[in-house]
Amino acid sequence: MADQISPAHADLWVRGFAAAINDADDHLTDLDRRSGDGDFGTNMVTGLRRALAALPEHPDSPGAPFQALSDTFLSHSGGTSGPLFGMWFRDFAKAGHGTPALTLAGVAEAADRGWATVTRLGSAKVGDRTMVDAIAPAAESLGRSTAEGLSLEEGLRAAAEAAEAGAQGTSELLGRKGRTSYVGDAALGAPDPGAVAIGLFFRAAHASVTDGADGTR
Amino acid sequence: MRRQFVNDPEDVVPEALEGFAAAWPRHVRWNREPSYVLRAEPASDKVAVLSGGGSGHEPLHVGFVGRGMLDAAVPGAVFASPTAMQIRAASLAADTGRGVLHVVKNYTGDVLNFRIAGELLSDEGVRSDIVLVDDDLATDTDDPDGPGRRGTAAVVAVEKVCGAAAERGADLSELVELGRRVVSGSRTLSVALAAGAHPGQSRPSFELPDDRIEFGVGIHGERARERRAFGPRRALVPDMAAPLLRDLDLGRGDRLAVIVNGLGATHDLELYGLFGEVKALLEDVGISVARSLVGSYVTSLDMAGCSVTLVRADDEFLDLWDAPVSTPALTW
Amino acid sequence: MRRQFVNDPEDVVPEALEGFAAAWPRHVRWNREPSYVLRAEPASDKVAVLSGGGSGHEPLHVGFVGRGMLDAAVPGAVFASPTAMQIRAASLAADTGRGVLHVVKNYTGDVLNFRIAGELLSDEGVRSDIVLVDDDLATDTDDPDGPGRRGTAAVVAVEKVCGAAAERGADLSELVELGRRVVSGSRTLSVALAAGAHPGQSRPSFELPDDRIEFGVGIHGERARERRAFGPRRALVPDMAAPLLRDLDLGRGDRLAVIVNGLGATHDLELYGLFGEVKALLEDVGISVARSLVGSYVTSLDMAGCSVTLVRADDEFLDLWDAPVSTPALTW
Amino acid sequence: MADQISPAHADLWVRGFAAAINDADDHLTDLDRRSGDGDFGTNMVTGLRRALAALPEHPDSPGAPFQALSDTFLSHSGGTSGPLFGMWFRDFAKAGHGTPALTLAGVAEAADRGWATVTRLGSAKVGDRTMVDAIAPAAESLGRSTAEGLSLEEGLRAAAEAAEAGAQGTSELLGRKGRTSYVGDAALGAPDPGAVAIGLFFRAAHASVTDGADGTR
């Protein structure tokens, strides 16, 4: 089990995330149809397809795959989530630049920064029924895991679980930001698609260090 | 059925930009990927003034690129914000080292992408700042957490005046202050008689009964909060002008620039008639129309409609308004 | 139903002219009775260039009054010729003693009233002569006794170029010769997707099935001789451009000015796309687009449609085209 | 019976013509509906109403009333006939200017000039089914009457009869100028409204020297 995220791990993480979103396409679109305008799945899938094509063959740092992801989203993705995800990925790119591998503390810092970025730009707080409801618990969990000295694998597993729980929790929330604020309680009972996607992001992180234990593919 | 001269709807914007650049080779050049429009002869040693937003509002913004106004314009898809990377690339291309002013109409997507672009630029050591234009009185609510007033035709005044000041050497913070001052003295109301239709779509974005107008309509095909009775123009003009006067707290002795703007399919005969009545109404209460712009400057595809914008005009504003400008859509 | 921002339909034109003059006080002034528009600062010691015709085509002609183009414009009622007395009065007001050039679009009423005005002026010792603009290829028949080709958007090129030459001191006969030369090298074809509606009338002047376009339409709401299939723009462009090329006998090495004109309700996005394709088509056969004008310059109320005009351009033409112009609708 | 047309006679002539057109309004409009666009009667009535308001109180020459008529038509009348009538009246104004009274020879010359003017401007020949089909025989008749030394009353009567006969003759003509050229044989059987109006013009001339025998009113 790797204890740091090498460039190859980061590559696996990004590809795994793309595959997971691809599998969940219809489900995500359906969730956005319930709470927004139904374009979330398609937007994400299109953005990620482009991003995969732009991934570096031999990433020279764990930041490189995230940089490609960020650049494609900021270059091509519309809607509200596209640019927010672009900036979210960017904080992971920054954390991974100029270092041979990311520690759990590095991931925790990236998530913290990302949370701050998304909040600064979208001004959604926890409880507003947005991706922040998954980002916040994941970031907090990563911070705790780092402080408690957990292993990379343990820390990422906990983060994924926290994000997924946060996403599930949005089912009971009334939207206060973005399009979902227009639909009122019609969205209750189903989770926010952006938050679900964040869950998939951390689940892919965990999988990248367990499935691709040696960081190769 | 509504029809247009187009090929594939998704090619409408790049094909138009290609033709636009070919029609104005002395004024602009177009960068295809990422898409933005720059002056053909870039300025040197001045703050770059840049604006952008969804397409479908032409001549806004690309038509205002040129000496005395914008250094760059960044067009998105029809009614969709440009991406942060487009804005970043255009800003880098236009920056002369003195920073970039972003003139942004207040819409969630535009604000988000311009803010992001600003962060990207700041990471690269390029200074930028935003003047947020939010003149649409129809969307004025008291909710401080709400999206606020939309940005519409006042953006032309902001671009003109900030463009002129930048040309004279104002620095970024001065331009921001100037732009915000113009915005705070600007209000607009818009009315539609018929919605526009997206290229390739046969139906307009809303249907109106024959005896109704959409009062307080936006420029993206969205409906207004209110429908009112259709009547002669002279009944409409006070309904549009009076709330603007009230909100700007204007009175005897005040001076204004007035923009009477067509939303796409409204004829000059109608617009000039409107302007004449707006002017008469203002002068009746002792307000002077110091400058004006009458024409289709900020459109909403082929919407039949108009907007009336009032902008407070002090000496500095008038001086900057009168400064020379040479762009495809505005030259004096 | 088609609706407009108007009061009484019969007041549409004078109300618009009043607003127009108020919007452009530095450029023009309007004489109400008889109705004509003059430069705000009349020129001295040059041949006066005057044009006129029915209203509903704005910005034509009033929008082209100013330095470097027209000295006077004479607007009739919507789609109706001005009277001979209007033309006479405007000519007397604009004449500086060197005579008056009348630029006339070929329509029976306009020709009749301009001819009469010419006779009235001649009785008063004022020289005038007519350049008859007849560029509309759709109405080209072999009948020598027929009304001949209609006059449409080429009139803008004639006004621009003759206006510039007059500013440089050309005398009346030189201007007539120049104008006729430009006309003989100009052809236009126009297409409509939807007719315009007269102010105050709820129905457009003709109805088109969804799969048809009016090919070779005029600018007064009259139908064309021909309906053709509606299709993508790229299929239409060769159908419009090829007959023009053939009729002007253009080929490799020739240079043109191209006017892509909106007929009232056609969006810039469409017009610029059209222009890009026209230009590509011309360049493909070795013809160079030396100058262009893309926008709504000669409208037919709120008609959804466009026209493509090709004008042969030699060095003299280009030089005059580039000469400075300062009018409400055209400035460089 | 007057042997010259004084300013007061000319005034009577113009007023008589206006009254006759007014009475024939519906008929003329109907004729134009059959052969054109149906606005002829209204155009003429409107033009003449304005002209009456512009007639000089005390005409100083027999040309003055015609000048007022001409100016109003050229200033305000649209369509094809408005400006042509404006120019037709103008040649009568010219003939009557600077002279205390018009002789039959003067009227003949005005009609000849008017014919030339209308032909120059509208390029209609005799037989094209226009006002020229009434103008030409009236002008020719006036020329003959002058040559034969007929009295003013006799010459004007003959001119009116010639114009009316010419107008009636247009019933059998196919239109070759103006709008009527578009309707083909649908107009056959009814005379051309412009030609009928010319008949009324010369009939009013004759009446002005018989009814208002002393040139007063």
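The chains carry the letters A, B, C and D, assigned in the order they are written, with residues numbered from 1 in each.
One rule holds in what follows: contacts are C-beta pairs under 8 Å (C-beta built on N, C-alpha and C of every residue); 3 or more make two chains touch, one makes a residue touch a chain.
Everything quoted here is computed from the prediction, not taken from an experiment.
Farthest from chain D in terms of Cα centroid separation is A. Note: centroid distance chain B to chain D, computed from Cα atoms, is 59 Å. Remark: chain A and chain D have CA centroids separated by 91 Å (rounded to whole angstrom). The mean-CA centres of chain C and chain D are about 36 angstrom from one another, to the nearest whole unit.
Between chain B and chain C, the centres computed from C-alpha atoms are 29 Å apart. Residues of chain B in contact with at least two other chains: none. For chain D, no residue reaches two or more other chains under the stated contact definition.
In terms of which chains touch, the assembly is arranged as an unbranched chain of neighbours. Of all possible chain pairings, those that touch are A-B, B-C, C-D.
Looking at the complex, you find that chain A touches chain B at residues 71, 74-80, 82-84, 86-87, 117, 121-122, 178.
Residues of chain B touching chain A in their complex: 34, 76-77, 80-81, 83-86, 88, 108-109, 112-113, 115-116, 119-120. Interface residues of chain C, counted against chain B in their complex, comprise 1, 3-8, 12-13, 15-20, 22-23, 55-56, 58-59, 63, 78, 193-194, 199, 202, 210, 230, 232-234, 236, 260, 264-277, 279, 289, 292-294, 296, 299, 301-302, 304, 306, 326, 331-332.
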